[in-house]
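There are structures below to look over.
Below are two complexes that have chain A in common, paired first with chain B and then with chain C.
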Partner chain A sequence: MRQWLRRLTRRNEPYIFLVLLALCLLIEVRSGQFFTANNLVDIASAMVVPGLFALGIYMVIVSGGIDVSFPALASLTSYATTKYLLDAGYTGGIWLPMAMSLVMGAALGAVNGVFIGFFGLPAMIVTLGTSSVFKGLMQGALNSVQLAVIPEGMRQFGTDALFVATNPVSGLSSRMPVSFLIFAAVVLLVFFLMRYTYFGRGIYAMGGNEVSAHRAGFHTRRTKFFLYVIVGMIASAAGLIRTCMMQQNHPTNMLGMEMNIIAGVVLGGTAITGGAGSVTGCMLGTLLIVIVENSMILIGIPTVWKSVFVGALIVIGTGVSAMQVVRANRLAANRNLTQEAAKA
Partner chain B sequence: MRKLLALLLAAALTLSLGAALAQENWEIVVVPKDASNPWFVRMKVGVDEYAKETGLNLYQKGTPEIDATLQAQLVQDLIAQGVDAICVVPVNPESLEPVLKQAMDAGIVVIAHEGASLTNVNYDIEAFSNSGYGAFIMDNLAEAMGGEGLYTTMVAHVTNASHNEWADGGVARQKEAYPNMTLLEAEPRVESEDNGDVAYNKAKELFKKYPDLKGIMGTSSYDAPGIARAIEELGLQGKVFTSGTGMPAANKAILDSGIVKSLTLWDPALAGKAMAALAVKVLKGEEITAPVDLGVEGYTALTFKAGSDKVLEGQGWVVITKDNVDSFGF
Partner chain C sequence: MSGMARPKGTLSTLYAGNRHVFRLVAVILAWMVFMALTRFEKFYTLINFQTMASQFPEFGLMALGVMLCMVTGGIDLSTVGIANLAAILTAFFLKAVALPDGGLPAYAIPAAFALAMAVGAVLGVFNGLLVSKVRIPPILATLGASELFTGVAIVLTNGNAVSKLPIGYATAINSKVLGNLIPVQLIVFTAVALVIWFLLNRTTYGVKIYLLGTNATAARFSGLSNDRLLVKTYMLSGICAALGGMIMLANYNSARANYGSVYVLQCILIVVLGGVSPAGGKGRISGVVLAIFLLRLLETGINRFPQISSYYISLIWGGVLLLVMVLDYFSDYSAGRRLKRRPAAPAP
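Our next item is the complex of A and B:
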């Protein structure tokens, strides 16, 4: 038990969880509205799209890379899908749009993958470039404008509810979107992939030290390539879900989301240098950001001070995470020293 | 030398041609930001209608895409053609200034729209004053709310000049005309970040924290639609209300279903007509003194913007309801 506790205190997730809990209590005290059924459903529903993005970027950061192109990628694939199906007069369900988005997402992710995996170019530069290209394709080639109407099947999917939570006091009701199931499935999938597969272990190994990983027998190039393909697919699914939930497609409305998503992932204890991080931490960090962004009014922070509050939280949160890493390293170093001393 | 002569000859020819044409049948060209944007397609409807009504040699000519350089080239071409008046909606006011100066120097009448910062123009027409438009949104919101209850305002960013002037104008209008309405002092202005999803989430938060809130005044064209989505989902239809700027076609669904009773906008067709009418007045040599009556709906009592002798402001706002939402074509 004590050992278990000690191990727990060395991890990052418990601290994030405590910060999260404190924040929730603060909101509850200030508004009396946090722990109501409808508010919790609102948070869950607001978590779907950022959560999906976070899962993708989490894998990339663990591999020692970075991806800033995912909002542009998601915008492009969701716009192209919606526009094409609208023009074609599509009336079917969500499956075809989802399949189209995933195929396009995989193809665009593969572009990142080829440059980063096979040509070994810096991920930051490549994804900055492709981000610009994706935006350009959307605005130039597809002549993007706001689509006020989306195919009926997509709209249906976006407004369908697993259940509706109603607040007995205020009478406000909130829908738990069906897309939450997709989000949950992807969480499990990524968890399994990162923890129990050769591919996932390769991502961790690569993030720790790419040369060692290669020498140890991991196909680093191939792993990187498929990593970006998978991230492209997750991002495109998120983009489509966002369009369905909004019942509209604003082509530029996701651009700029990358910063807060990356902040959430790092906040959750994923080492920005790669090699360390957990799905649990990544989800906690993202949840923290989502709750903060959607509770400013509930807490009663004046609009003009909002950015200061969010920014401060990111700095404090990542600071805690970084200190944990430093502490863990020091502990490891000490252990090595004592082992050396014991040997000598 | 021969080149120079040829050039002079050509110049003389165009000038005399221009002069010959320039008696009653003036050539007036409207240059929008581009030709394909539904907003300017709608402007062209107004311009063509006005040409038919008045028999003027008036037409609209736009570049295939929104591009400040292409627009400047187009204006230069028109100067070379020797048209009598150019009515322009600048893509980038600053970069168009030198070209407009050339036009003025060539004796062409220049009328701008949505270019209040321009100096090389005869006049610039704005559809409305910011405070006047804000008051108009408030009138619509108050009508939906039955003239009573708690309300707040939403802007894209608290740093956005025009949105905040609209919101200020709305609040001022409420204070003077709707004594039973009160501004939510704890959150008098929230941000939608020009993003429908943020507007939706902010509205949900507001309704949770302030159960008495009965109305939200939107400014950005993403505000009211986003708020409407929250009203629909929270089951508040008929209990809380919103109004604000919105494009007709994009908001047909929420107007038809009654979640939103009215949205506000200005009609580009009328702005096109107003520019042409003002150009004719200037060409005729009429003195332009406020209030200016252009004989176009919403532009019958233009006044000069405070501190300016070039910028004219009208009352060119329109209200969009489920009854007229289909009549705009954009």
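Our next item is the complex of A and C:
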């Protein structure tokens, strides 16, 4: 039991959970509106798109890489899909748009994968470059403009509700979107992939030490390539879901999301240097950012303070986890020293 | 003897040492020739070059700061945040000291620059402490700090632009010196670039940060104070960014929390394009300055073709960046193979 507790305090997830809990209680005390059915449903639905992005970026960061191209990738695939289907007068269900997005997402992810996996170029710079290229393709080649209408099937998918939660006091009601199911499925899938498959273990091994992972028999190049393909697919699905939920396609309004998503993932205990992190932590960190962004008004803090809070959260959160790493290293070093001394 | 490495001519050693610089010069020349053939009369005008020279210092100054951080193996994503915050504070200062008739007292402009540099230095030291003492990875530390600085700027201005500045400042910076030829912005940029060139190539500070970027552990065991070096580097980057903010303040004649937000990634692009290794320890200021010129020339050149959407510029930048990296990959790869084929030197 003591050991279990000690192990728990070394991890990041319990801390972030406590911070999250404290924040929720603070909002509840200040507004009395936090733990109401409709607010919780609102947060769950606000979580879908950032959550999907976070899952993808979590896998990349664990592998020791980073991806800043996913908002551009998602914007490009969702715009191309919506535009093409609108022009074709498509009236069917969500399946065809989703399939189209996934195929495009996989192809664009493969571009990242080739540069990062096969040429071994630094992930940050490659994705910066591809992000620029994707944006250029969307705004230049596709001549993107805001699409105020989207195909009927997509609109349907965005407005369909699993259930509706109503606040008995204020009378406001919120719909739980069907896309939450997709989100939940991807969470489980990523959890399974990272924990129980050769591929996932390879990602962890690579993030710890790429050369060792290769020597130990992991196909590091191939793993990296498919990793970026999968991340591209997750991002494109998120982009399409966002378009459906917003009932319109605004080509540039996802751009610039990348930094907050990365911050959430790292807050949740994923080591930016790779090799460590969990799906639970990643989701908690993202939830923290989503709640801070969505619930400031409930505590009565004017929205102009939002960036200050998010920035402080990133600095303090990453600072605490960085200090923990330093402390753990020092402890380990001391232990080695005492062992050496004992031997001598 | 066969198998021994041939002694190389001075030209080829020069080329080997400055491969990146030569390549950038070649690309710039090719582009200049292309523009001369297609749009000579629209591109090769004095006013066009003067406009370019007054615009590129905005992001050029920031890129110089990012370069210093990248040489140490770090990165600075907070340059634009610092630039805007410094510009906003300076704008408040200028409005406060303005004379009743709208003019500025003589001390105002030097004082404004001093103020901006001080703000940049303080914010940079904040970054440096986060990176060195708290040991947050630079990319996250400066990302968080950037959000924080932007946040403070939004709170200070309520998200609005600070405008109606005393006219004296913008006219002073937008004027041209030396017979109405050279924009002041270019002078500021050149001065800062020379200072950084001097620091990197003629002082121990430069040698130290290259060592720090190549191998931080080796640097520590050589007796360098890594923490202090990092704080200094991020402070310099902060000062560069703040000066970039001053140029933006003059060019737009107003300051706002979200000006120049595209410059964050653009600076990194420039620095990498200029041959600075993101892993640290490598890079020359000449390469970075050339990359800054190249991007400005490309953008201005493309704007001379009205039928090409200006949105293609981001596609071209990204493409150029990827191309340069792949070229580097193949040239390093063949250099590595040459090295392997060479027989081992006889033991002394």
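Just so it is clear, the second predicted complex is superposed on the first by the 326 of 344 C-alpha atoms of A that agree within 3 Å, B and C clash if a C-alpha of one lies under 4 Å from a C-alpha of the other, contacts with A are read in each partner's own complex, and residues count from 1 in each chain.
Keep in mind that, in the parts below, contacts are C-beta pairs under 8 Å (C-beta built on N, C-alpha and C of every residue); 3 or more make two chains touch, one makes a residue touch a chain.
Predicted model, so just to flag it, every value in this text is computed and none were measured.
Participant: According to the stated criteria, A:247 is in contact with first (chain B), second (chain C), both, or neither; which is it?
Facilitator: first
Participant: Where does A:306 make contact in the superposed view: on chain B (first), on chain C (second), on both, or on neither?
Facilitator: Touch status of A:306: both partners.
Participant: Scan A:135 for contacts with chain B and chain C and give back first, second, both or neither.
Facilitator: The second partner, chain C, only.
Participant: Once the shared chain is lined up, is A:326 touching chain B (first), chain C (second), both, or neither of them?
Facilitator: The answer is second: A:326 touches chain C but not chain B.
Participant: Taking the superposition as given, does A:42 touch the first partner, chain B, the second, chain C, both, or neither?
Facilitator: first
Participant: Check the residue A:175 against both partner chains and state whether it touches chain B (first), chain C (second), both, or neither.
Facilitator: So A:175 only meets chain B here.
Participant: Given the superposition on chain A, which partner contacts more residues in chain A: chain B or chain C?
Facilitator: Counting contacted residues of chain A, the larger count belongs to C.
Participant: First (chain B), second (chain C), both or neither: which does A:4 touch?
Facilitator: neither
Participant: Need the overlap of the two footprints on chain A, from chain B and from chain C, as residue ranges.
Facilitator: Overlap of chain B and chain C footprints on chain A: residues 304, 306.
Participant: Can you tell me which positions in chain A touch chain C when the two form their complex?
Facilitator: Listed in rising order, the residues are 66, 68, 115, 119-122, 124-126, 128-137, 139-141, 143, 256, 259-260, 262-263, 266, 272-273, 304-315, 318-319, 322-323, 325-326.
Participant: In the complex formed with chain A, which residues of chain C make contact?
Facilitator: Contact set of chain C toward chain A: 75, 77, 130, 134-137, 139-141, 143-152, 154-155, 158-159, 261, 265, 268-269, 272, 278-279, 309, 311-319, 321-322, 325-326, 329.
Participant: Would you mind writing out the residues of chain B in touch with chain A in their complex?
Facilitator: 158, 186-187, 189-191, 195-197, 200-202, 204-209, 211, 222, 225, 229, 233-236, 247, 249-253
Participant: Name, in rising order, each residue of chain A that touches chain B in their complex.
Facilitator: Where chain A meets chain B, its residues are 31, 33, 36, 38-39, 42, 46, 146, 148-149, 166, 170-175, 242, 246-248, 250, 253, 293-298, 300, 302-304, 306.
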